[in-house]
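Pasting the structures in now, so scroll down.
Two complexes, one shared chain (chain A), two partners (chain B, chain C).
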Partner chain A sequence: MTQINRLDGGQVNRGTTLNFSFDGKRYQGHAGDTLASALLANDVRLMGRSFKYHRPRGVLASGSEEPNALVELRSGNRQEPNTRATTVELFDGLEAKSQNRWPSLKFDAMAINDRFSNFLTAGFYYKTFMWPAAFWEKIYEPIIRKAAGLGSLSLQDDPDEYDKGFLHCDVLIVGGGPAGLAAALTAGRAGAQVIIADEDFAFGGRLNAETFAIGDQSGADWAATTVTELQALENVRCMSRTTIIGAFDHGICGAIERVSDHVATPASGKVRQILWRIYGKKTLLCAGAIERPIAFENNDRPGIMLAGAMRAYANRWAATPAQQVSVFTNNDDGHRTAIDLIAKGVNVAAVIDTRADAPRLADCELLAGAQVIDTSGRLGLKFVNIRLADGSKRFIECGALGVSGGWNPNVHMTCHQRGRPVWNERLAAFVPGGDLPVGLSVAGAANGEFSTAAALKAGSTQAAAALRDLGMTARAIRLPNAEDEGVNLAPFWFVKHGKGRAWLDQQNDVTVKDVKLAHQENFKSVEHLKRYTTLGMATDQGKTSNMGGLAIMAELAGKTIPEVGTTIYRPPYSPVAMGVLAGRARGKEFHPVRETPSHKWATEQGASFVETGNWLRAQWFPKPGETHWRESVDREVRAVRGSVGVCDVTTLGKIDVQGTDAATFLNRVYANAFAKLPVGKTRYGLMLREDGIAMDDGTTARLAEDQFVMTTTTANAVAVYRHMEFVHQCLWPDLDVQLISTTESWAQYAVAGPNSRKLLQKIVDPEFDISNEGFEFMACRKITVCGGLRARLFRISFSGELAFEIAVPTRYGDALIRRIMEAGREFDAVAYGTEALGVMRIEKGHAAGNELNGTTTALNLGMGRMVSKKKDSIGSSLSEREGLNLPDALALVGFKPTNNNDKVTAGGHLMARDGPVDAAHDQGYVTSAAHSPILNSSIGIGFLKDGANRMGECMRLVSPLTGTEVEIEVVSAHFVDPEGERLRA
Partner chain B sequence: MHDLVATSPLGGPRPRTGNFGSVVISECPGWALASVAARRGKEKTMATSAKKLLGFALPGVSSLANNGTYTAFWTGPDQWMIEAPHASHEDLAEQIKSALGDKASVTEQNDGWARFDLTGTGCHDVLERLCNANTRAMQTGAVTRTRLEHLGCFVICRAKNDHFSVIGPRSSAGSIHHALTTAAKSAL
Partner chain C sequence: MIINHPLLGPRDAQEFTYLGDASLIERPDWEAEDAQDQFHDYLYLRDNPAGSHRELWFHEIGDRSWLVVTRDTTTHEITSVEMARDVARAKGRSK
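Now for the complex of A and B:
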């Protein structure tokens, strides 16, 4: 038997039958169904178990406000927990499972919690599980989390892709009901750039759920016709399946477009969802209203739902939760459910209206002045127990009950910038306040304009007003005739009867009693009420429950509802998948990669790469037979020191500094003097932060009187450039200086080792003399190579060997590395990577990032005298602070183990040979360490108190974390060629 | 004449082109670039000399000007990028410097950037998945700087609606190209 609760009519496509399963059982539905409507059509009312007490639950609503019918959708790595069955568009092959139950939905062992409800009231975990304290984290919390919960995660990588995007428009219209569609027509016909978005897969909002006519069409047909017109307009973008999740700063809205959630798997190359950032000059909120329930004892049984949802299922989806239903209402709108279901052939047993003077609107029994005081039916509603106006009681048999306590304008987004809604006595509801997010206005039911005619009019009027603000003119559109009934309601929040539980927040299992308990325990502020009881938390954010809680708190506190106030609404409006927030920034695409000009060649050599910033740098180049990286690195170091090696140093930042004041500028940026650097020379420079701490170092070459090329460390390239722009634009805007990065413009290779000159003489065009006399240490020059290609040559050395850096336009970088390696074959030239580079600079005692670590000064680095006192420069004054110049200030020194087999480890701290090992006795620390193949020993450099005067002292290098304790000797940081003879050769 | 063979930003001997239906994405390495910044106090005389050299006045904020050979686009106050065919103007920076002398600071930028051109009716659909530039509103000759794939890039509207250039940092050409082609597959 299939779809026994399927009615006639509706907007499902009976021509397309879709197969799906729920908890392993197979069912059929139609295109246009949601999972919830299809389940109801198949007579499935029980869809889940509640959060805390594991009570059987079914759907309460028909839209995204649904608190109960949460399912695990799909399976395997696409399994998604806590999906609302009311928003899941049915597709063929859909798999859904109920959650938070064991072993099955119908028999859930954890339902035992329901028996202990007296112990599990609001805040129970604040009062219990107090002893022993250590048990909380290890035992109590895990047990509670296991027992109370929602769906489970797949614990597998999400296989889907997500995009992020940006849209711009004059007017963003949030919601595609009557107000939104009228607004879009008005603004669209006026030629404005319009985006209209609706979370539903069909535009129309309540028009699809009601039987009202608009003009001579049904509401749903009018919506469809209107959307067809809008889609034909080039300036209008209609986005269905798109939820506007928040109104963010400066009028920017966020949106989630569900591109592929309505199919089993996204098509190849297509995304599952898109996170849009929408820059609308104006935003018009037409988000409609959400019905609110009335609380009464056992009002959570499957089959009890909002009256508006019940008729939405009947009218739009041609499904009824049961063949016999009743309605419980405090307003005229609830009666519509009875009218519509009767029209669909469903047996409506009675309309129970709390108002003594309730009008008889539907062709069924009316129980005016009556209240539902209890219900029965273990896994689904069977009977409602009614107290009639005269105090007598009566049972009515029905499988479903539609409940209406009135409608709340959907003010959510109006509060995202901390605006507060205001109370409207006539509607007994909050409506948008005056303090709205930038550019936002509200129309239709979201603004308390509940009738269809009022919504159409407001949408059109507000759209015209928005355009007027933008200096555009919108002509009034002819609005069709539509229903225009007023709101007729007597506020009624909960039934005061009995001692059983009346549910307010079905998602968090919060009852009327819990609110009373919170009040009794002095959690009276609405924000405290929320935290103490969890009212309004989790996936539905209390869309159907908050008002009830506020009303009860108001009554208990003897205040009015507006005096109690509301909690703040925050984005997102409805749950957002984490994947779409990540977008494409996942795994290898987490950030962009920067490749060096020799990347392709290095890859061919089998290089191992390391990330430095976004750069991929070759770490070492293994040769056949080398089984450990140290073998490769040791070989590379020996080859450089023995003959010649080549290293790609393109990654070092290069900043072109030009202008008549370029030298003056550099003199202020660098601590040491630069003004008198001759053209054709390069100088090492140290840059300080404003506070006197070392910021960055590098060499700067003077290519002309008014042109320098500065080199920065790889890691600080961007920070230094930014710093210099700040200095230029804000500190000394009067200087004639122009800055631009040229890091990627030039492919730059270090050619180092005693044979480097011989090698380069084969590359550099012969008219350029690069002999020691013709091109001395620290020289720089524009040259040509390989028969005329413009290039730059610098005689600088990081390794301590005779060395050069040669730069050519990047497009020739690949060709140049190949040419150099070919030319170097006769010298057994090697390519060396960052590891060998590191070993050699430690052997030479050169500071790098580990030493310029944001805490060290020029003095610490052994470069105190470089901070010129003949001029002012950034950081110069503050580097004189007393605390930075103590007699025992840290100084850069070298270390080697007393026992050659021991290892110096970076990060270890230095302690005296005897005595305690603690922070009070800390003498310094090792910043960089390596195995030196030249010294055949582990070596390190680092900072030691009064280090310069402690050469030869034996100390302990300790790391209490790793249990390391090694005896080391303090030595000069210059392990290799301390006199610098090699680099001047 | 030197004998070194140039590679494109994507590392190939020839520029790469891909057809994605309503958009063709092409790597365009055939352009020389030079940055020009007026020296302090010489903004006006520099503009005059530049006009003489280029044959048109340097463009204003967020825009581009061109004739047959040269294209100039604004990059900041008194700063421009000049573009010309690489084959004939590999030494573009030097040529401009000779013409402008000490009125401007000129820096070779030929290989600092990777240019990708998007042509076809689907340009907006691709670009809106990548950056917050409002490309639909961009007229021919409009230029903007925007963040694309976490990188600061220039987006240039060469022809309204159906021809855009994305000019981004060359070392990340692979990442930019990946982002462009992935977005094209996703959006088109």
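Now for the complex of A and C:
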């Protein structure tokens, strides 16, 4: 019993038989089949269960507009849910599973939902699962997700690769039907750079689905011949399996090319899909039209499909859903299905036409003025129940019914820049309106030019017009003779009959009744209708269903369809895999890691690393026997304060500032004075935002009269550079100053501790005096190290100890850290990481990112007097605002627990010893806290109202987040060496 | 979006970082009588037009030029792109 519904002819290759399975059962099809056509050929009409009611469903359409036949394709880590069987190209070994059913497609226990349909109408979720709120996430949602929904995810990593690419052309042609091919011929022969894209694997569009002749060829042959000519032109790129997903700003289009979806697994080195960004000077939309159904009771049984889809399956894929079929139509085009299926040897029981004056076009029974009022058949159509023109009823036995309510121009892309389609009375359809995306024009059925001849002509004419706009000339091409029938249709949207359900949106289980309910409950605007009933949502975005919903709403509201209006479409045109949007930016490619020059060495030392931005920094260096990170950090701190330690500070931003006005420039960027900084000296600088809030800080060294080297915090390196370029280019463009980021050019190490000088004297070449007299605190100098290597030395300290920072060109960074550690062996030098660095700066009361947190001023930071009032600098004017200078302004202070065993918690808020704990009584907060191995106590720094005048006060530190409340004492933030004697040693 | 850089030609908007209203170029004189008020207006008062808007973009992944881009906020159409330093000079900014 193989392929009993396979017909003669068609465009499948019978020479290639392909094996595939659906729900574990094995079938055969041919090359050129889709999964849907192969299933129909094998007499499988039941392909899925509906979203909400678990109704048995079959295929409705033959393209990407399909709402019903959604399957889980492939298995294992390549399993993809909600794949439309109509667009899946058959390959050998294809595996597909139906969705949303349990235990099997034929017996689905959840079909019980269908019995309770009265409770599951529009707005069901909004009305039912409202209280209590706590139930929503834990109880309601999991139940609903299990009962209603579509396919399931593999929950495994996607094994495939995806690419992104850029393409440029004169004309992008969207769609390869008659209009698109005629346009491509016209533009291609004129020498323009042309891209023609079609979502299908074969060019031709409806030409492959119809029996129309073009000239003396069949439509399909003409399409194939045309594509052969186009492919031979170097200036034309034919992209099949490529969906244009949207028209974006400036007329740039996005496209998904499915490179490997038609094979079981991508060939070695091939990606699965490519996301293209196409820069076309002009875009020609030739996307054709999409047929719309008529709603009637039980119109969702497997076997009931669009009439145009039925003849596409017969003509292109040589498959019929059943051996006896009927057609239900309100227009002449529906009759073509009957004519074509009869020609293929299928028995057509009747054409049921709503029009009393329907013409008899097919060689079968015509029931004019009749309507299908109901259907029967449990898992597939068996009978249609017809009300004849005279009111009498009649049953007709058939396994499939082709339904046509007319065709809608595929206006999707015309809406992507908020364009609204307009109603065309003659066609009873929306056609493209104004506000089209930049450079876009529309030709063919997408523009309401439905006949083949009209489409060919429009494609050619519009292509020539587009080229003219670009200053190119195109000669008219000779158009072959083609079918040129007009549209002959009497609008008809839904059959009025009994109380049964008539389906509008099969993907979301929205019925005519649901639209009526929405109207009754005053959700009358089309946008409300959509959201209340879910009409037009999910993977098909209502391509086949929106029109019916609008028409019913119009009737209920007593308005015309154009008065009711239409929702507009947004990109993407059809669902897009997340993987292709990510492209290669996954994992490490999404979040690249920057390694410091000492990274390899630090790894050898067993360092634990922390991510700071993209940088990986050594956090601490555990020694054998240390079981807790605090042991390592405490040891590192003690070693630095006791002897000497080395820390990689390469990640700090470095900006080289040069020019005769460099000093003037820095004077404006920094709040404190820089103009008079002598050559060979370094100064701490505080940078404000224009609103007076601290932006960043760091040290800047004057290496020469016209050269400074600025350091920024690691986190703000990029933003500070951008800000400085703004200040230069936009505010003082004639200052002679040049800026360049040199963060990556220099490896820089802090060497800190009482023995740091002794250690460095073994590294720095002997001609450079680095004694306290020869190289005093805050000195800087260009030097050489290790026998002639150029380097920079700064005597600056973040730890509060005698300390230096030494910089060498990045490529020597690894050698230098090894040389320093070797030289430091006699001093028991340690490597220390960011944690010890943090502990020591808190012990010293130095502000860092936690304190420069985007809300604090120089005054808050205890640096109010640094802001020079004698000069103009960014932020200086507004930092004088009254509100930033209140007497009880927050001030940076230190905190110690009264009870030595208590812990200071960063983020905790300060409250008076007695009184309420609430925001109104908030006195300040702790920004940074650490265990100080020197004081053997938990300590913290933070901001307290009028803090400078509250030393010694006992307060409560409350942290509702961690549920702690401890008593602390307000102390100076300078816990260690408050006089700064060690620095200057 | 494509920004037609005066020096480098058409470049994709991804290469740029956005700042905001180009009136940020017109920074007040810090020594004016009402400098506080002027700075307040400069920093906080902005027009938010539906239509043509002059704004600052930084060619961060490029040549590090600040540009003044005139963009229609309703359509994203860009009608002019100038070097910010030229605009600043035209407004009398110098050293």
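Note that in this section the second predicted complex is superposed on the first by the 940 of 985 C-alpha atoms of A that agree within 3 Å, B and C clash if a C-alpha of one lies under 4 Å from a C-alpha of the other, contacts with A are read in each partner's own complex, and residues count from 1 in each chain.
Here is the rule we go by: a residue touches a chain if its C-beta (ideal position, glycine included) is under 8 Å from a C-beta of that chain, and two chains touch if they have at least 3 such contacts.
These numbers come from a predicted model, not from an experiment.
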First (chain B), second (chain C), both or neither touched by A:G787: first
Which superposed partner A:Y279 touches (first chain B, second chain C, both, neither): both
Chain B versus chain C as contact partner of A:A815, first or second or both or neither: first
Chain B versus chain C as contact partner of A:E880, first or second or both or neither: second
Chain B versus chain C as contact partner of A:E690, first or second or both or neither: second
First (chain B), second (chain C), both or neither touched by A:F804: neither
Touching partner for A:K600 - first (chain B), second (chain C), both, neither: first
Which of chain B and chain C A:H250 touches, first, second, both or neither: second
Which partner, chain B or chain C, touches more chain A residues: B
Touched partner set for A:R722, first chain B, second chain C, both or neither: second
Shared contact residues on chain A - chain B and chain C: 279, 661, 734-735
Contact footprint of chain A on chain B as seen in their complex: 1-9, 11, 29, 35, 37, 39-41, 79, 91, 102, 105, 107-113, 128-134, 136-137, 149-151, 169-176, 178-179, 182-183, 185-187
Interface residues, chain C side, partner chain A - complex: 1-2, 13, 17, 19, 24-25, 27-28, 30-31, 35-36, 39-40, 42-43, 56, 58, 60, 64-66, 75-78, 83-85, 87-89, 93-95
Contact footprint of chain B on chain A as seen in their complex: 161, 163-168, 193, 269-271, 274, 277, 279, 584-585, 589, 591-596, 599-600, 614-615, 650, 656, 658-661, 706-707, 734-736, 738, 740-747, 784-790, 808-816, 819
Complex contact set, residues of chain A against chain C: 249-250, 252, 279, 417, 438, 661, 664, 690-691, 718, 722, 725-726, 729-735, 872, 876-878, 880-881
